[in-house]
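Going in written order, the chains are labelled A, B, C and D, and every chain counts its residues from 1.
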Amino acid sequence: MHKARFYTLTASCPDQVGIIARVTGFIAEHKGWILESSFHADDVLAAEPPQGGDKTIPGAGGAGELQSPPSTGRGRGEGQPNGRYFMRIEVRADSLPFHLAEFRSRFQPLATELQLDWRINDSAVKKRVVVLVSKQEHCLYDLLARWQSKELDIEIACVISNHDTFRGFVEWHGIPFHHVPMPAENKAAAYAEVKRLFEQTRGDTMVLARYMQILSPELCAAYPGQILNIHHSFLPSFVGAKPYHQAYTRGVKLIGATCHYVTADLDQGPIIEQDVIRIDHSDSVEDMVRYGKDIEKTVLARGLRYHLEDRVLVHGNKTVVFR
Amino acid sequence: MHKARFYTLTASCPDQVGIIARVTGFIAEHKGWILESSFHADDVLAAEPPQGGDKTIPGAGGAGELQSPPSTGRGRGEGQPNGRYFMRIEVRADSLPFHLAEFRSRFQPLATELQLDWRINDSAVKKRVVVLVSKQEHCLYDLLARWQSKELDIEIACVISNHDTFRGFVEWHGIPFHHVPMPAENKAAAYAEVKRLFEQTRGDTMVLARYMQILSPELCAAYPGQILNIHHSFLPSFVGAKPYHQAYTRGVKLIGATCHYVTADLDQGPIIEQDVIRIDHSDSVEDMVRYGKDIEKTVLARGLRYHLEDRVLVHGNKTVVFR
Amino acid sequence: MHKARFYTLTASCPDQVGIIARVTGFIAEHKGWILESSFHADDVLAAEPPQGGDKTIPGAGGAGELQSPPSTGRGRGEGQPNGRYFMRIEVRADSLPFHLAEFRSRFQPLATELQLDWRINDSAVKKRVVVLVSKQEHCLYDLLARWQSKELDIEIACVISNHDTFRGFVEWHGIPFHHVPMPAENKAAAYAEVKRLFEQTRGDTMVLARYMQILSPELCAAYPGQILNIHHSFLPSFVGAKPYHQAYTRGVKLIGATCHYVTADLDQGPIIEQDVIRIDHSDSVEDMVRYGKDIEKTVLARGLRYHLEDRVLVHGNKTVVFR
Amino acid sequence: MHKARFYTLTASCPDQVGIIARVTGFIAEHKGWILESSFHADDVLAAEPPQGGDKTIPGAGGAGELQSPPSTGRGRGEGQPNGRYFMRIEVRADSLPFHLAEFRSRFQPLATELQLDWRINDSAVKKRVVVLVSKQEHCLYDLLARWQSKELDIEIACVISNHDTFRGFVEWHGIPFHHVPMPAENKAAAYAEVKRLFEQTRGDTMVLARYMQILSPELCAAYPGQILNIHHSFLPSFVGAKPYHQAYTRGVKLIGATCHYVTADLDQGPIIEQDVIRIDHSDSVEDMVRYGKDIEKTVLARGLRYHLEDRVLVHGNKTVVFR
């Protein structure tokens, strides 16, 4: 790697005065050299449901959207923060006088005091990714190209597919390939096999790279924040099947793709990354599918990179992404 | 104007062999000089509802989205087109040996034969636009800047508002301003007044420039394809009230705006133009409102320009936009 | 293919009244079913050099850019077009009563009369593409993924590289791979070998997919409009070597890529397609290289598709791209 | 304002271990509530010129761009940072036990110790902006709309123009307007008058909102980092006059705009913000001018906002923009 080895501390906690000073003070005390750092105080609004859905247009004496400006929440605490606080700090490993285990144990008391939900990862330990595909090639080729050139500096633990289509291609790269059919009459066994393979190959992250199967609720629940999907629409538009057909029928002028964490609610998980591309009336559904592929693979690769670099912190059904 | 005067013929009809040749043949016969021309054959698919909604993921023996590729419809006709055909042709006025009225009457027989739904407009006749606003300034300032510089070469017949906020600003520009309050207990009378003003000022096009009122079904029905709205979301996401709050809650990574024709179904009309802008976790609802303004005014201006230049042809609930 | 076989006529000629009518009239006469058609009248301005370069800001009595509006040229002809005209027409093959050879011979007299620079291609005849690469993988993987899925419905005649890096990967796909080293002391022989391979494998199109060598003037001259390059900057910014370093030093906020036809003037050929991506101060040159890859492969693929579908017509040092 | 009053500390200094801890420690010591904070360690590379310009394509034994990866500089210090460090911190005013003057004086010793180049601004003190325009309306209307709605919470000290065109419009808003002609034979006096007005109206920031005059070197030198220009191209492409004509002639597929600080070198100052929009072969120079306006005003507004909110830190000829 071109960058010296570093540890990445990610954490969130109830907001209060002095968090940055306490955490960076601990690091400075040990002469830790901070390479990169990001902080975010979440607005309380995040916890409040919007009034939307039922349209209530203000009357004559009423007001537009701007007349009742969104409170940022910051003013409510009357002198005290009351939201949630997020941070991500990269510390150069060789600047610290101890190794990772000791870093963690020494940091623990402060973490406890600040009520941190935290982790520290080591850039020298490669993440192990399990890729699930069906019959479409674009995301798979794209991921393997990035892996091959070390742009994504990961281990691909294995590739799992409900078809045998890409066995040769995957195995040529020296990556184990597992064909796990998904018979309609016995999906439970198939999902159990996926789980077994993920565990056996010591996967950290599962990537649904245009995998045309809905994971079982059990699988979703087993790995919260560890399973990434690429959905071929700009969510929340066009949830579910055949989003390009839906987009064609509605006559939208842009189509998109969404990388999100998988939860038991179909296409409802926390969004990590999205992007769109322009289309027009001359584009058929097939043209959209083709344009969409370019967005899908790029959005998936970006979202996956953020995830692997510990840049994504989940907060309720939303994400903080320290790019 | 920098461009010579021209006539714009827009038309749609059942597709068949020879349409372009017939129509451009007529023009060539009269030595008409075509400045710009666009043609589009609509896919039959447009008329078919998608299977979407209920997600049916294919089983092991099944197939993904690509295995059952969308038929373009072109192959079905067995040698004959069977969709709908759209065209837009600009003919330089001084190249023709007759004026508009005669152009129309001479063209009528061919139009009848081809079953054309058609119109011919004259670039020298300025469209008359009626603008409806509430209390937000950005679209109004933007439209008046474009009108003032003749970038939009239109007449602004009048500005109507449910508030008196912008009277001075509008009247300073020499444009009539009408304050039509919208009391909750008697909106019907107010909408009747809007209609009366539109008729009295001989409006061609009504523009809801962030007008915070829902038009009555009667108004919508009276002017199909003549009323443009700018909705502050990337439709079909976040229909209805407070879309930025909805977007904030869902945690999307891009927000957008949609210019569409108004129909009786709220935010469901044919989409003319859309665009998006990137946001991230650090953006509050208020930040989104601010970013959104830039997209709203740009998308509205683009959509309005397409409409005024007869570049938009409505087809069912979709649009063909010859940019 | 999902679309019925069709012929694509592309042509340009001096503009005059009646071109569309004549050409589409010929097609209609033979009952030809037009699937798609595009027309463009070029402004005369294209032939005029801009005053730019030496900045002459207008004085007090002078005027801004808009006061001397660009003549569109259309007004100059005093009733006659005087620019150049471009067209592209897809005709369904089975709607015509003759085959390609006869189509061409029957069309010839009209083409001569209109002084057309024209060609007709058959969608059933796959283009033969020769890909040149060095050591970077992203464009190669991307092209092979598109070829593998028939998204790009072409023959890859062979891959040529100045390194042996990708031999295994290419040959696994069943595509011939040729290692043609580029010794500094004898590039002429190497370029002759590239030319020989292109001829021998009957290549139509040569694609420089991040090929880190400058082609010889002889090669460039031998295949005008047949060699596509992807340059890793938004031209005309950052011509030549290490454009991302140049971009880093200048502190730009967006970086881009450009797909263009290769001419003897380095990075000066007609531009087919471009795109950009946002960066910021936190991005190192290496980050830019990584972001840039995503733009490069997408822009190359789009430009190549336009080229292969006969959507690109070269006009001087510019292109007309009928998307 | 919806946000409580806050102080913004911006600073840069030689990088070393412990900067964040020291600065945020000072703030925490006084119970300062940090609303937002951003940090950036600059790569040493920034100070090194690129090898570019003369294209040296590597030979057979050589390597491509990636083989000599850009050193991030971080590895060179052998355990010590050696670049420059940047920060921006918002502290809620009412959380501190002292006012601005005391904040500054108490902070001074630490600032001296860390060799900070720093400033602290008060959100309650509105910046005073002087706008310079010529005859184009789009940026002026756009800025006044944002000012009118308090989206830009500034004072517009006055508008200066070399034409009298917008006097009425500006004065209607209650803003002083000064017509300062720019006779070719005596620009020095005119520039002196601009300087006098800027001083007299106590301007903080000068905005060239499509001002068609080149400022004198004296003016540029007098207010480094205080004068913003919007250039109508995606710099460094198309420096100087008539960039849209230049873009038309080169046949680019995107056009752009650049907001930058003005220096004595024309269009060479540090870039704050840029954006682009897609065009195609059918767009005339005039179309580009029209499209460009939308980008120009948006990019100027964004760049100006970053500047006014103390989000822009100049570093050599580049900027750090903490968005």
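Operating definition for what follows: a residue touches a chain if its C-beta (ideal position, glycine included) is under 8 Å from a C-beta of that chain, and two chains touch if they have at least 3 such contacts.
As the structure is a computational prediction, the values presented were derived from the model and not from experiment.
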{"item": "If a chain touches chain A and chain C alike, it appears here", "value": "B, D"}
{"item": "Between A-D and B-D, the pair joined by more C-beta contacts", "value": "A-D"}
{"item": "Centroid spacing, where centroids are CA-atom means, of chain B and chain D in whole angstrom", "value": "37"}
{"item": "Gap in Å, rounded to a whole number, between the CA centres of chain D and chain A", "value": "33"}
{"item": "Multi-chain contact sites of chain C, meaning residues that touch two or more partners", "value": "2, 36, 69-70, 72, 136, 282, 286"}
{"item": "Chain B-touching residues of chain A, taken from the complex the two chains share", "value": "40, 42-43, 45-46, 49-61, 63-67, 69-70, 72, 134-136, 162, 181-184, 210, 212-214, 234-238, 240-246, 248-254, 256, 266, 270-276, 280-282, 284-286, 289, 317-321, 323"}
{"item": "For the chain A and chain D complex, residues of the former touching the latter", "value": "2-4, 17-18, 20-22, 24-25, 27-29, 31-39, 41, 69-72, 74-75, 79-81, 92, 94-95, 278"}
{"item": "Residues of chain B that touch chain D when the two form their complex", "value": "2, 36, 136-138, 141-142, 144-146, 148-149, 151, 168-169, 172, 282, 286, 290, 293-294, 298, 301"}
